[in-house]
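Listed next: structures, encoded as structure tokens.
Each of the two complexes below includes chain A, the first together with chain B, the second together with chain C.
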Partner chain A sequence: MLNIKDLYYSYTKDESYAVKGVSFEVTEGEIFGFLGPNGAGKSTTQKVLTGLLPMQKGKAFVAGVDVRKPNEKLFNSIGVSFEHPNIYKKLSGYENLDFYRKMFSVPTEDPMKLLRLVGLEEAANKKAGGYSKGMKQRLVFARSLINKPKIWFLDEPISGLDPTTANHIKDVIKRKKEEGVTMFLTTHNMYIADELCDRVAFINEGKIALVDSPRNLKLMYGEKIIKVEYTENGQIKKENFSMIKDEDKQKLNKLISEGKIETLHSQEATLEEIFMKVTGRGLK
Partner chain B sequence: MIKRFLWLTKKDAVTAYRNYYFLIVVALALLFTLLIRFVVPEDTSVKATVFYSTNYSGELRTQLDETIGQSKDTNQNVVSVDSREEIIEKMKENTNSFGMFIKQGDSRPTIEFIFQGYENDQSRNTLIIAMKDSLSGKTAENPKIDTIVLKENISRDMNIPMNKNILPLFLVMEPAMLGFVLIVSLIFMEKEEGTIRAYVITPGKIPEYLASKITVMVVLGIISTLIGSLIVVGFNADYLSLLALVIVSGIFFSALGLILASFFENISQSIIWLIVISIILSLPTVSYFFPSFAPIYIKILPTYSMMFAIREAVFSTGNTGIITSTLITFTVLSIISYLLAIFAYNRSLLRD
Partner chain C sequence: MKRILSIFKRDLQNSFRDNLLLYMIIIPIILTIGLKFFIPSTQSASSQFALNEALGNEVIEEFKKYGKVEIYSSNEEISDRVNDIDDIAGITKNEEGNFELILEGNEDYETERIPKMIINDLQGVYLDTVNFEINDIGATTPPIALYGALSIMVTAIMLGGVTTGFNIIDEKESGTIKALSVTPMTKFQFIMGKSFLGLVLPIVHVFIIVWIIGIFTPNSLLLLLMTVVSSLISLLIGFLIGVISNNQISGIANMKGIFVLLSLSVIGAMLLPLDKHIFLYWSPIYWSFMGIKDILLNDVTSTKLLINIGAILALTGIVYLSTKNKIKQGLS
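And then the complex of A and B:
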């Protein structure tokens, strides 16, 4: 569904690239995550793929359409949830969706149904300019589904939402995956990448450092950590033990045999720790 | 495509309405017509000068001289000259004047009134009756009255009451300038919202996007024109030509606004240009009041010919040529500026 080869993009049209030779493929029905810190080039990549920025160098096919020559078929088959909410402030939430659906030449969703999906049915007839930031974000999220997209671009769909709403949006994403929608999901939140994505690309300074499923990444790069609380000289101490280092294993064995352990948790490595290992920097 | 254009137009009209654009346009039109009707005096021109001369030497000569002498005392605009030729010569120099020549008729003296040709029948008759009145009682028999018109059917500003003469200015400036400014603010609003970016990832195209905004501006222009001209001149105007002119000028000026807005991100960056262009485009108003002041740099401004074409449509003088030529010029200008706007937006929208 997405086929990108050696994509470069420079805002200044010179050698300072925001995206430097990115290549990847996304198959139908897959959720492909783009994980990287601020300024890594995630949004830039997405903008080029959706035709919002011109193709400068490289090849990109989205839904079989060459992004160099974006056409009606391309726009009818993609949905884009923007990083920064962009809605008609003078129109109500309902009017925003109702206007937007008229721009497509494929069957569209019922605006009210989508508003209900993101919990905006009560605010449907209020001017969108008066929505809170999270409400605007949900409206943009709902709008991106209006043309029943086959490929759904989500730029930070959950950042800034409260936990309940975030969970709700995650559920919608999961449901759409079941319906077979292909997704390109941009985030700097490792939990979201971990929870939702089939495969994750680590992007840093405009380059993809590696691509794999979260599970494989953890198996390959992650080390199991055991978090232990134990008493020593009457005091409670906390320590992390790696299950790879022999030194740590021996120390843990000793604690167990001495019976000093209060609590003990095994913990998987997080994507962030792996990201740090691969790129040498964190996600923040 | 047509359907998308209609939906876009509906959206833009709703937005314009909620931004009070319609209210602004209607209020301005009403305010303006009130000013015309009640504040601007009907006639601010100086009293017409009377040039008079006589070669009559009959029995009524003294009475006639007396009468003229009296009006000379009360009205310093009476100028005696030596001959009929001189009257006409002087009248050509001063278009706000008329002439009186008294000569010997068959049996009684004849007063010849010489008019420029722009005076309407009513003002001519008023003059003649006034003259007759001041002579009656002084002479046994009334002199014969002749009227002569220098140039039949010429059009001069003075045959339109001063206040109504401003109407064409309003009809050019309000829809054009307001359309120019309002469309710019509409574009900046959408730039600020970022909604243009949401639009360009739909199958919707730039030409429809721009055309819908232009349409709303043209409708605003038509509303303002109808209010203004219906109140001021009623149905006494060539409405077909008037609307055609207002439509092409609306398209041209809003396309101009679109092009201007494409170069900037927000209103404050563009405000200087907005003001400068508005001032330049309103320069021809000077020539409207002082027709002799029409240097080439004013004549080439599109508002110049539009102003006189609209005046022709409102106060017809039979000179339909100016309407046709202005319509053609503006149609060409509109097409060019619309195409340029499409070009500008295709480029600038992809700049992020």
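And then the complex of A and C:
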């Protein structure tokens, strides 16, 4: 669904690239996460792929369409949820969606249904300019679904939402995945990437450091820690064992065979820790 | 077409909900209603002149163009006539051969002013302000109605483009233009959709003005044509304002230029003698003003019409060619 090869983009049209030689593929029905700190080039990549910024160097195919020559088919098949809410302030939430749907030449969703989906049905007839930040963001999110996109571009869809709303939006994303929608999800939040994405790309300073599934990354780079509580001489003791050091493994084996263990938790490395290991910098 | 109409509908909704835009939409109508109070009723506006036959045929013919003329052979007879109950201005010549106005003293302003202007005209100190024509029934169009209506009309036409400009600013300011860029909507459809309101508003305004004033009987088709042609330059300027301004405030600042252009053209066309009009030929608004004036006075000839429309189109074309790239860039 997405096929990107050696993509470069420079805002200044010179050698200072915001995106430098990014290549990746996203298959149908996959959620592909673009994870990186502020200014890494995530939004820039998304803007080039959605035709908002011109193609300068490299190749990019979205839904089989060359992004260099964007056409009606391309725009009918993509949905774009923007990082910064961009809505008509003088129009109500409903009017915003109803206007937007008229721009497509494919069957569209019922605006009211989408507003209900993101919990805005009560505010449907209020002017969007009076919405809170989170409401505006949900409106943009709902709008990006109006043309029943096959490829859905989500730029920071959860950031700035309260936990309940965030969970709700995550549920919508999961449901769309079940419906077979392909997603390109941009975020600097590792939990989101971990929870939602089939594969993530670590992007830093305009380059992809690596691409893999969150699970593989953790297996490969994460140092697994086992937290154990056990009884010794009638007292409860806590200890952490690394699964890499041999002496830790032997000690844990001994505790298990002696049957002294009270509780046992494995703790995985987070994507953030792995990101730091791979790129040498944090996600913030 | 569906997309173009949707954009038009959205702009219309937006314009009626935005205070500044709403103001620009209703101001021409309020001005027209205000103007209506200053227009003397058609009856008293129809001028009558009592002329001394000694003034000569040329002068008498000139006065006949502007109203009803009665000829008398002596100044006494003229004085008697002027003293009658209705408003009539007496005109004669004194011993030195200068024009002399005989008035009762209680006449309204127009009764006194119009003959003065005609006399000025005859003596070569021509002010274009009396250059109105007489319509079929012989009643004259009060200049204040004509020039007032014309000024409001060209202002309304310019405001049409400005409305388009401010709707573009709204799209830019809110970033919604980006949301539109990721739909199948083309740039052409966007431009057409945005132009729609800027074309429709002036038409609505111009016809409402004619209707409120109530004394013009223009050819509607010609008036429509002239309004649409005149709106092209206004739209172009509107688009320019739209692309160079990032918010309403800078939009308002950039709008000032238009009003300088507008006032120069309108005031010039009203006050400059015809032979000085050449200094206004550069302004498309001047040509709109003159074109609509002919139509309101039912004084259209195909030559005049062609010249007016041709001049507007040519000047619009020049502005288009020199701003095309800037507008294109600004919209991407």
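Everything that follows uses one rule, which is that the second predicted complex is superposed on the first by the 246 of 284 C-alpha atoms of A that agree within 3 Å, B and C clash if a C-alpha of one lies under 4 Å from a C-alpha of the other, contacts with A are read in each partner's own complex, and residues count from 1 in each chain.
Following the convention adopted for this analysis, a residue touches a chain if its C-beta (ideal position, glycine included) is under 8 Å from a C-beta of that chain, and two chains touch if they have at least 3 such contacts.
The shown structure was predicted, so the numbers you read here are calculated from the model rather than taken from an experiment.
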item	value
Side-by-side fit of chain B and chain C on chain A, or clash	clash
Touching partner for A:N253 - first (chain B), second (chain C), both, neither	neither
Chain B versus chain C as contact partner of A:E72, first or second or both or neither	both
Contacts of A:S266 with chain B and chain C, given as first, second, both or neither	neither
Chain B versus chain C as contact partner of A:K102, first or second or both or neither	both
Chain B versus chain C as contact partner of A:N167, first or second or both or neither	neither
Which superposed partner A:R143 touches (first chain B, second chain C, both, neither)	both
Touching both chain C and chain B, counted on chain A across the two superposed complexes	50-52, 72, 75-76, 78, 80, 82, 84, 86-91, 95, 99-100, 102-105, 127, 140, 143, 147
Complex contacts: residues of chain A adjacent to chain B	11, 47, 50-54, 72, 75-76, 78, 80, 82, 84-91, 95, 99-100, 102-105, 127, 140, 143, 147
Residues of chain A defined as touching chain C within the complex	50-52, 72, 75-76, 78, 80, 82, 84, 86-91, 95, 99-100, 102-105, 127, 140, 143, 147
Residue ranges of chain B in contact with chain A within the complex	3-4, 7, 10-11, 14-15, 18-19, 189-190, 193-195, 197-204, 350, 352
Sites on chain C touched by chain A in the complex	2-3, 6, 9-10, 13-14, 17-18, 170, 174-176, 178-185
